[in-house]
């Protein structure tokens, strides 16, 4: 470490490579210092606890449902190849993908519509998107149970339309509906943020270049809003995969999804090592997917 | 002056109709259950979904119920404190990641994603194990008498809220040209002033969005809170979750309605303040 | 008199890339100075180093005699008009302009009254409460200018400030900027990739390429006597005829023709002969040279490339008779004409290259249709011999 | 490089320290508290099931002893157990169910009670002596008890139905009520019901028997409206289901909420069902064990035992309290059909140790 004058407001000197290097170092240190509070916070209050869970995943459930922290083994990971785990995984992936897709299809035009409103109107519209979510999520799920349930408003509608009494409650459809309801705002917010900052002249340019409305959406708007699409999809897909309250309340627990399965391992089977292994693998897959996406040139969320 | 009117990209004809219809449908979708829960908060029946005639009993019960009120206040206190702290920390980390290069940046970036993708029951379990030991170690070393409760819940909520805030703020920062900050520096602003007078107002919508998200998640969290709570710190969702076993009564609907009214009042007030402060137009680039 | 900006041995590296390579540059007080070059040549980096937005890797940077190389931007007595203006979108025009003053701690009322004065100066009176998004491109440009000028910088830096404006507005602003600079008497350092803009506006200019400073001088010096091939080619239009130095005043072109061109390049150096299109004269093939050539051609040795004997087709048919003929003449065929309104540019095809000729659109000027066999000639004084 | 290495070392060390500390926990071996009758050593913090105690009762205790109280609630034994076992929960009184008591004892998470400070322990019915999960009665005293059985909407099903698990599991009987039946979303209860129907013990550790039960539940799953624990009672009275699998007290409370309670019937099938017992216990690291002892003693008095049952409609283990119960309630739950197979057919869920995960897996498999 050579003693080099750092860029100081008072001093002024002829620039040297050492000074430049010191300036770059100082800039880097500024960034680091800015990140440091959150960094150390997350290390202490997230990474360290996480290490405990990872350690648990190599341990063994003892006969009382406690965890013996000796006799390390990979048994919990070996179980991941069982057909029941595979079935649950595929089913959950499918439902989570479906939920994400539906959210995308609904949220995209909505976010676009929002972005074309005047600032005052769009702020108001955004707030009204968020307000329902300031009520308790259990209460919201229960409200859906009433709507979809026996003699609820939904069956009234299907009857009135002449479809007969169609009850949706306790079906996969109801689960997807509940998930879409729960996570739609997570899709709308980033999509809106992404679309709002697109320069609209680009769209005008595409129309000028003979693109139809659909084409300019397909070739200009969609690619430009891709960061929003990806961010929204991650924010919807991840919690959908881990959801367990909605499948329980609206799906009647008839189909076990990954989230419920992990909860079952921790809270019912009291098999913490297996629960830890399941969640650890889930996180690893998610993290790899996002990292690969960003390495391939994706922008920040 | 109003915004520039119809241009080539302004949706027209049936596209416009479809967009508008979709908008209304989305709101209908969002508010259908809310309407229902408001209605049943006035229902004279223990069961949500069974109309038993109009009553204000549930509101009365709310006013009388020490436990419900305590739970509501606990939730609000924790949400406010954890949101405030995580907004500061999350914004700082967003700035660091978006505007600086430093060693360990990738590790930090990855670390920031983990709280978003971790299943909450897993986080709950690990926080439980952690706090049991953490406080014990602190108490042994420093002779303190720390107990699980407010601090452990708030610390856990901050741990996941930082990530959500930082994601939203980063999205906003990424869309903001770094030239603005340079221009401010060129115009004699110190680093802090450049942040205070240029960067901050620019990313404020992102910060507010992040804060809303963090607050919503904090107000809804059950599992993590349940595992790190201590005596007297039952939050509203945990309380409601416990109630399920004996049936969620319209009391909870009434609590939700009270919360809705409170938040709507806050929104209305803030809009009013904005209106008063911001006489004149508030036109921005873009759509 | 101290120089406004004095740059000595400045180098800037970004990793392995050398953005600015050991340049020396002095900009006088009250000078309108242009930094010209293609994109990526290092001109913007140079400007940013003067502004303090980048620290040099090495070298000295003085503003009015004070070393500022390591000062942060907010401590330098210079201001910048940014490319695309970088106006603060959340502030109205007045607040944008008053920003710098407020940051310096000027009293609010003083700041605003000075800001208003400057807004008047750039002819934006009445626009002060508008947000940048409510202003046209030209108006935004003026706000950006006012925002910098209000601080009374010792040097004003402008980074392609007119790039986003349409032609008419750009020309108008060029005039205004020039006037403003003359009235204020402040040094303007102006970055542009538009050579015409640089030529018309600057008192002196510097041409940069690949991080190197190629030539510094008045527009006339640079236009008339480009220091090297790149400058000759980049500034204005020119015909570059490849060849080799034969002696101090002769260049042998690649087809064997010899032309007169004074240079101090050693014999044998690969060079190009640069002749501006407007200096080239066009005449019907075989016709004797116009009278005016004879008038000023007598004193100087010229070169004739006379391909007429073999009908201008064969390369080796060219003969050169430098000693006997005044002026230069080359025969070829008109390939195309570009009509510019005030002039015509002919592309004349020879078997080994194309030469462009620009003729003023005077009444009575002969029109040479494409396909017409023609000869071209120029005065030896029009020639610059340039190496790489 | 420096930063990373430093962080890695710190993280590693912290994790190790924590794991080591976590391992050390179980050795603590909680001591019996020495307390006098009626002694309090601080405020009371109770961790109980939701809606399982009237707050006024707590308030009365608090004011009587000049202390304050906090009441926090949980929704399952499994959610409560790790919190208490991890230590530092801060609670003085918890209310675990039977099998959970044995888990807590094994894990060293509850402390032995000092019965010198609980003279009212004498009020407990002899039925609860020497029970499997706490044979010596050292660690827990019963709080309330009940059964798991079937509730039926007689308006839909009629009154002429077999008092058997076949009502749910036999397709010949339940086929008629396709989509209107619910089972508990609980591996032990639901697999237990199937095991009982098949004539096995609900604590079986036989893979073959469990497999049979799995197939049975799996075959029944398609006829179900839902697997649900929390809303079994509401589904029945709102018409979502007509045959419900649920807990006695929940059902009674719910029946009495409706306009026509007599329309509903709750019974334990003749094959037998679950008897469960919730207990009061003191966490190993309770901050105020003497207050906890005094509270237990207070709750075991005749008055308070009766007050509890009159409020939450569950059966009391407190013999002295019987006479003080509401007559109306007794009439309703005193229904002779309540135990179709007699009280002897009831069985408690026991912790099966390592086999516990088999129940969880079997249930997941059965649900599909």
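Letters A, B, C and D name the chains as they come in the text, with residue numbers starting at 1 for each one.
Simple rule for what comes next: a contact is a pair of C-beta atoms (placed from the backbone, for glycine too) under 8 Å apart; a residue touches a chain by one contact, two chains touch by 3 or more.
These figures come from a predicted structure and were not determined experimentally.
Engineer: Using C-alpha centroids, which chain lies at the maximum separation from chain A?
Structural biologist: C
Engineer: B-C versus A-C: which interface comes out with more C-beta contact pairs?
Structural biologist: B-C
Engineer: Central chain, going by Cα centroids?
Structural biologist: A
Engineer: Report, in whole Å, the distance between the mean C-alpha point of chain B and the mean C-alpha point of chain C.
Structural biologist: So the centre of chain B lies 56 Å away from the centre of chain C.
Engineer: From the C-alpha centre of chain A to that of chain C, how far is it in Å?
Structural biologist: About 54 Å separates the centre of chain A from that of chain C.
Engineer: From the C-alpha centre of chain C to that of chain D, how far is it in Å?
Structural biologist: Roughly 88 Å, centre to centre.
Engineer: Taking each chain's centre as the mean position of its Cα atoms, how many Å separate chain A from chain D?
Structural biologist: 36
Engineer: Send over the residues of chain D in touch with two or more other chains.
Structural biologist: Answer for chain D, listing residues that touch two or more other chains: 3, 7, 18, 22, 79, 238.
Engineer: Which residue numbers or ranges of chain A touch two or more of the other chains?
Structural biologist: Only 32, 43, 47-48, 52, 149, 267 qualify.
Engineer: If I count partner chains per residue in chain C, which residues reach a count of at least 2?
Structural biologist: Expected reply: 72.
Engineer: Provide the full list of chain pairs in touch.
Structural biologist: Touching chain pairs, listed by label, come out as A-B, A-C, A-D, B-C, B-D.
Engineer: How about chain B: which of its residues touch chain D in the complex?
Structural biologist: Residues 45-47, 49-50, 66-67, 103-104, 107, 125, 128-137, 147-149, 226-227, 229-234, 238-239, 241-247 of chain B touch chain D in their complex.
Engineer: What does chain D use to touch chain B in their complex?
Structural biologist: For this pair, the touching residues of chain D are 1-4, 7, 17-18, 21-22, 45, 47, 49-51, 55, 70-75, 79, 82-83, 86-91, 229-231, 233-234, 237-238, 250, 253-254, 257.
Engineer: Residue numbers of chain C touching chain B in their complex, please.
Structural biologist: 51-53, 72-74, 78-80, 82-84, 86-90, 92, 99-100, 103-104, 129, 131-134, 147-148, 151
Engineer: Which bits of chain B are touching chain A when the two form their complex?
Structural biologist: For this pair, the touching residues of chain B are 2-3, 7-11, 15, 18-20, 22-23, 26-27, 29-34, 36-37, 40, 48-49, 89-90, 92-93, 95-105, 108, 110-123, 125-127, 129-130, 155-156, 158-159, 162, 166-168, 170-172, 174-175, 206, 209, 212-213, 216, 219-220, 222, 236-237, 240-241, 244, 248, 252-253, 255-256, 259-260, 263-264, 267, 271, 282-287.
Engineer: Chain A touches which residues of chain C in the complex?
Structural biologist: 10, 55-61, 66-72, 75
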